Amino acid sequence: MILRQIFLQSIVSGASLLLAPLLMGWVSQLRAWLQNRKGPGILQPYRALHKLFNKDSVMADTASPLFRFAPYLVFGCMVLASAIVPTFSTELPLAKAADAIALVGIFALARIFISLAAMDIGTAFGTLGARREMFVGFLAEPALLMIFFTSSLIAHSTSLITIVHSLTGSSFAIYPSLVFAAFAFILIFLAENARVPVDNPSTHLELTMIHEALILEYSGRHLALLEWAASLKLFAYSSVGIALFLPWGINEAGSDISFLYAIPLFIFKLFSIGILLALIETFSAKMRIFRVPEFLATAFLLAVIGMLTYILLGA
Amino acid sequence: MTELSIQLINLFASILLLLAFAMLAQRRVINLVHIYAMQGLTVVSATSIVAFVTHQEHLYYSAVMTLALKVFLIPLVLHRLIKRLDIRWDVETLINIPSMMLVGIVLVIFSFNLSLPISKLSTSVTPGTLGIALACVLLSFMMMITRSKALPQVIGFLSMENALVFAATSATYGMPMVVELGIALDVLVGVFILGVFMFQIREQFESLDISHLENLKEE
Amino acid sequence: MNPLVLVFAAPLLGSLVLAVMGHKPHGRNVNVAFSFGTLLAALFLTIKIVAEGPLFAFNSQFFIDSLNIFLVTLTAFIGFTTSVFSRPYMRIEEDRGKMTHSRMRLYFSMYQLFSFCMLLALTTNNMGILWVAMEAATLTTVLLVSVYRTPASLEAAWKYFILCGVGIAQALMGTILLYMASQKVIAPGLNPLLWTNLNASKSILNPTIMSLAFVFLLVGYGTKVGLAPLHNWLPDAHAEGPTPISAVLSGLLLNVALYAVIRCKILTDGALNNNFAGNLMIGFGLLSVLVGAFSLLRQRDIKRMFSYSSIEHMGIMTFAFGMGGPIANFAGLLHMTVHALSKSAVFFAVGHAAQKAKSQMMDDIRGLIKVSPTVGWGLMMGTLAILGMPPFGIFASEFLILTSAMHQLPWSAPILLLGLAVAFGAIFSRVQPMVFGETNVKPLPHSPALLPVFLHLGLALMLGLYIPNYLNQWFLQAVAIIGG
């Protein structure tokens, strides 16, 4: 039984490791199509990773061990995060190990280390990126917690598994509070994954960049790890979104047959999220950095209203 | 069936609250009109569902009236007004949306608190919606205070009235028909008067900025 | 035929006729005629009520008892005298080019409609219709306040509309809550919004809902009463609109709004069995007295000054009704009556005085007694009346309110006295040079209508010296209805 679980978990984690860049590639390809460009192909992230892994990593002279160590830690955090989320089955062993708050903590840990590493070299861009990243994080994290709290209020537990159980288990019900939380989550999703209204992952425009400024000093395998971590983060956030707001079809009983439809369904949901993300990115314009607090405050507000409506309406 | 209807009414209530916040943060005048129309539509949907659940025939009339008035007629009038006044692209500078939102949340909590003892006593199918309606009233009120242009103030006023109609529908299954008719008439007349007014204000001040209207003070 | 129909028909028909007819030289006479018709109908109704007691009409949608009948009479009466005053006043405004023909038409038509709305608000038994009528009264007067189309008048009207609109929306929320409370307890088949039904079962209305409802209703209708801190619209609307409108706003509309508050208070008191509603009204009332009195000190515009005086007086009435008890309620009702009479008289005199000086600034108005002794004396007497000098009626009512305040709420008496003293100093020191100072202004082209001024002052004087028995009976019955 234990062996089976370990086997299952390693397959799932391995699959998410391998497939996460595909989601990234799918989104950029869709964006390219929507903008009437040809696009680099879905597999472009793999090619980039391959290229980066085969290059030498150049380090600044002033780099401390922290700088060297940070990419591994961030990567580890993201692998762990995507393992914690019940992606297509609630029977995954690691999913039981931690709850939603721990998940937020893991994201925060990664954020702190990448920011420290960015400041480590002492270049202007690194510090600027770190500042902006912490700024976004400081506004986004409470909102994310609020979203989790709303779902937790419904499920009476902060465990993601219980949340999925209670949302799928009972008969179909509309939760207005979850509608708010979902809107808030989309905003946080965009901000945390450095997507368009907040940041643009495909440019290095110094006035606006956040994520790219953070990792500007990295190269070679370190950069590859960080890029991979970024796609894992996107994957983890999408999985959280699925677990909280589209949990139907997630395998619960652990019977093997239901995997047969749980997995394709999960992949289908991921693809849909990719489409949604590409659409949002295409139809919205990058906002000025000073507007970001407004954006995130809106997310926080929506999450809080969601919670309040739950308290008042009981739904 | 009833279970689903109650959930739907709750959903519409939350959408109304969401729209109230959206209005608070919306800079463009024309979008405010759109949000207002959406708000009207939400009220109409909620009213029809309440009518369906409770078999109150007059609520159907009320829904139809709201639809005609607040989804079509008044937005249309406002659109024409915007066109005639040529303020389609007016953008208002709003200061500090995040803190406005925070105040908004405080208002929501306040009104939820205020209505909690009452919602417990309510015999209506959806006791919680009264708090939301109250919150919407206060939010629209806040919008009126924070806006400096004439039209957004008017829309704030109208959305306040929307929230009140929703309160009446959800908490008491609607006021008697005579009263609803009277309210609708008052609102309609009010919109027309305000329309006339805005032309007069522009004629006199060559702008619709209410900050020009601050000369009457104590010496 | 029910005289109530006539009471409604006269102003409504008048509004229609004046709107259709357009502005003709005799339009002002038609206006007076219809107002006189309303007055006759109101008197007819009054006689019927006196003879037969409370009256229900139209499926008990309308209800007339001692509390509102004297307000109906008062409204019709002041509506009539103001229309008489409007004749020369508006004619002079027209001659000076401030009013065009279409504006005159609007003015007369809306004047009648405004009367109709107030009468509807006073006589309706349905709390929902009461709200509708109050809102309609706002709408009709908004256009009257802005009738000169000057920047200042537009600003005043805008403020008036927005503030009262917001206020009245709160009242609607209160009405909805009231409906919610009554729906639960009123026997099926009875209309839950009718005041009489509510009053009959007020002791079983839910106290929690009723207290919240009253807060909303008080804030809502209180905005129209002009209670501080919701009074900002009032001085502007009074100062920038035509003077006859200032007179009816101060004399009538504020009363009607206060009447609505009183009706709500009766229900709330019955449901709560404590002095919650009264305490709120005492608080708002005292605050209004102080705000009104101290604002008086800073005024330079004569109409603004007297509108702040209205805030102060409405505060006194609200305080009196909040305090409750037979004497205070009696005094409150008396104060409502005499204040309406005196304040409209003052505005009539002020209107002519301002027309003579071609300015509303008090520094420009000087030596009225030389240019036109009647206007000067009218203003002086009116001021004395409004300041509560004996033997005018306001003295009697204020005296009663003060003495009962000393009995019931000793701490409040010094506050009231302070307010009254400040108001006296502020107004008297300004009116005195206006009436007796030096001047070189020419007399007006049309003889001023001073009959209304002296008629009102005479009545206020009479009420100060002697209250006719039937009026006394009315007041006593109304006091019994208010209770508390």
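Think of it as A, B and C in the order they're written, each chain with its own count starting at 1.
The definition used in the following text is that a residue touches a chain if its C-beta (ideal position, glycine included) is under 8 Å from a C-beta of that chain, and two chains touch if they have at least 3 such contacts.
Computed from a predicted model, the values in this text were never measured in an experiment.
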Third chains touching both chain C and chain B: none
By number of C-beta contact pairs, the top two chains: B-C
Farthest chain (mean CA position) relative to chain B: A
Centre-of-Cα separation between chain C and chain B, whole angstrom: 30
Whole-Å separation of chain centres (CA-atom averages), chain A against chain C: 65
Chain A-chain B separation of Cα centroids, rounded to whole Å: 37
Contacting residues of chain C [partner chain B, same complex]: 126, 128-129, 131-132, 135-136, 139, 142-143, 146, 149-152, 154-159, 161-162, 165-166, 169-170, 172-173, 175-177, 179-180, 183-184, 191, 193, 206, 208-209, 212, 235-236, 239-240, 295, 298-300
Touching residues (chain side chain B, partner chain A) in the complex: 3-4, 7-8, 10-11, 13-15, 17-18, 21, 25, 97-98, 101-102, 104-105, 108-109, 112, 116, 119, 126, 128-129, 131-132
Residues of chain A touching chain B in the complex: 173-174, 176-177, 179-180, 183, 293-294, 297-298, 300-302, 304-305, 308-309, 311-315
Chain B residues within the chain C interface of the complex: 114-115, 117-118, 121-123, 134, 137, 141, 144, 150, 153, 157, 160-161, 164, 167-168, 171-172, 175-176, 178-179, 182-183, 185-186, 189-190, 193-194, 196-197, 200-201, 203-205, 210, 212-216, 218-219
